[in-house]
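The same chain A turns up in both complexes below, where it pairs with chain B and then with chain C.
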Partner chain A sequence: MENLKIEATKYTPEIDFDVVNGALNITGKSYPENTFEYYKPIVEWIKEYMTVIDNDRKITVNLDLEYLNSSSLKAYFDLFDILEASHNNGKNILINWIFDEENDIAEETGEDFIEDFTSLNIKLVVKD
Partner chain B sequence: MNISKIRTVMEEEGIVFSFSGMISQALTSFMVETAKKQLEERGEDGKITRNIFLIAIEQLQNIMSYSKGRDTSNANKYVSPGVMVIGIDRDKDKFYVLSSNEIVLEDKAKVIKKIDEINALEKDQLRKFLREKLRSAEDKHDRGAGVGFIEMAKRSSEKLEYNFEEIDGKLYFHILTYA
Partner chain C sequence: MSDDKLLDDLSTLKESFISTIDKLTKDLKRSQKIMDRSDRQQRKEYDELQVQFEEVEKLQKEIEETQREVVFTMGSIAESRSKETGNHVRRVAEYTYLFAKYIGLPAKECEMLKQASPMHDIGKVAIPDAVLNKPGRFNEEERKIMDTHAQLGYDMLQSSTRPLLKMAATVAYEHHEKWNGKGYPNQLAGEEIHIYGRITALADVFDALGSARVYKPAWDDERIFKMFKEERGEHFDPQLIDIFFDNLDEFLVIRDTMKDIA
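Moving on, here comes the complex of A and B:
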């Protein structure tokens, strides 16, 4: 399986998924028009990754998303569903929800994910 | 052309940024990023600026979702004419985001039902309502999650204001949101 790397655009985040060290980083803004089309290959990659990786390997998902439109919110809800299913199958997943201190919207979104996905290990991380 | 007339209207309406024409994703990005930069340069509150940015994205992407018009040279391509205005309401001392687009009659009842349901909810209820809708995906369609009005209401300091207007046999939908 290969790493996944997608450059950021004005309205889509940078994707940097590393097979070997288990770091899945998504950084930037997300407000594309065809959101589900955009996230399809990203979701497919994660699904495949969860089938090839050993249960004792640590997976760290770093989500640093400054802005999300409503359809991107939906895409991340779906992503968290997949991560939750993988967690329930024994995968070792840590999710870091990263945001700027003054970005109350991003903080609130992270809090919502924690409330909705109680079995997942989600940490709120304030940027330095 | 009467540029003075345009300037007068813009000053009267407190307009900071406006556009009328075909809305696209590239233009959406350009407009919201430009408006955000202008607000930052004016020293506006970061929270208000973020709310305006997100409200404007939802309104513009709604225009693209609801437009059913076809390109005259390419029938497979949708065209999305619309008007988008960001301004300051001096009486309320608040920023507003206002937009207008053509809408098909079949969507009118659906839009009214959606917005009225949202307007009946308080802020803390909206947060829960949005998550329920995202979970159930009942309003999901090809181009979005169908929850744009909920996101607008969450970011707004007042209830969503809207109306429909028929001009020359065409039906237009207008929505006004205060940050």
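Moving on, here comes the complex of A and C:
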């Protein structure tokens, strides 16, 4: 399986998924024209990754998203569904929800995820 | 079908029904959450937008204010280096605005002319001090040097791309032209002279005649009005002279409220 790397654009975040060291990084803003189209290959990659990776391999998902439009937010809820299912299948997943101190919306969004996905290991990380 | 089988089926149906309801409920709650979050985000964005919009408006006003100041200052510099004093440029600005309004120029152009006309003598900054500040009357050669201020002002301003400064260039260039073609620098006649030039010419002369100078007392109104009637269609655009007399009160109010403080 290959790494997934997508450069950031004005409307979409940078994607940097590394198969070997198990780091899945998404960094930037997300308000694409067609959110579903944009996230489709990303979700596909993650689904496949979860089928090929060993259960004892640690996976770290770093989400540093300063801006999400509503359809992107929906896409991340769906992504968390997949992560939760993988976790229930025995995967070892840590999610870092990263945000700027003054970005209240991002902080509250992270809190929403924690509230909705109680079984997942989600950490709120303030950028310094 | 036995009762047991029926009960089994019903039980399965019930479970699938419950799990479907659970999923629907979860989806609905999630949609609600996403919508709430988006609403809050939008409200915040809109608040910020309004704050920024207000700031832009404030800046815009400040820029316009600064532009006005700069323009008046430029005009005043030219005046202060010459024998004109005090509120001359400010009064000329107001007079030109009135003329522009009554001749029927669009409101925006009236406002612009009010800002541009104070620069009519800007070319005087390039006139040597010895000539500019000479007490008493100019001899013929000095007069010729003085008269170059129209061309000089035009040369200074004409290269600008700013509409206001372009207008000021026209004003500087043509404010000493006369309706009868005997003015300077180009001896333009009638409507060959831009309306900005014709207006500023009359406003400038009206204010100069009515103001006392080191070298001359102020003319009284009788004398000014007589001269204007004589120069109707000679020095001045006849239509503008008519506007002047038709709205005399308004011109005199400006003169009285913006008197020079001696």
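Throughout what follows, the second predicted complex is superposed on the first by the 128 of 128 C-alpha atoms of A that agree within 3 Å, B and C clash if a C-alpha of one lies under 4 Å from a C-alpha of the other, contacts with A are read in each partner's own complex, and residues count from 1 in each chain.
Rule of thumb we're sticking to: contacts are C-beta pairs under 8 Å (C-beta built on N, C-alpha and C of every residue); 3 or more make two chains touch, one makes a residue touch a chain.
Here the structure is a predicted model, which is why all the values come from computation and not from measurement.
Partners chain B and chain C, once the complexes are superposed on chain A, run into each other and clash.
Of the two partner chains placed around the shared chain by superposition, neither chain B nor chain C is touched by A:86. Within the superposed three-chain model, A:32 lies in touch with chain B and out of touch with chain C [touch as defined at top]. Between chain B and chain C, it is B that contacts the larger number of residues in chain A.
In the overlay built on the shared chain, the residue A:73 is in contact with chain B and with chain C. In the overlay built on the shared chain, the residue A:11 is in contact with chain B alone; chain C does not reach it. By the document's definition of touching, of the two partners only chain C reaches A:109; chain B does not. Of the candidate stretches 45-53, 63-71, 99-107 or 153-161 in chain C, only 45-53 runs into chain B once the two complexes are overlaid on chain A. Within chain A, the residues touched by chain B in the first complex and by chain C in the second are 69-70, 73-74, 77, 104-105, 108, 112, 116.
Put simply, chain A touches chain C in their complex at residues 69-70, 73-74, 77, 104-105, 108-109, 112, 116.
Of all residues in chain A, those touching chain B in their complex are 10-11, 31-36, 67, 69-71, 73-74, 77, 102-105, 108, 112, 116.
For chain C in complex with chain A, the touching residues are 30-31, 33-35, 37-38, 40-41, 44.
Every residue of chain B that touches chain A in the complex is listed here, in rising order: 25, 28-29, 32-33, 46-47, 50-51, 53-54, 57-58, 61, 64, 127, 130-131, 134-135, 137, 140, 142-145, 147-148, 150-151, 155.
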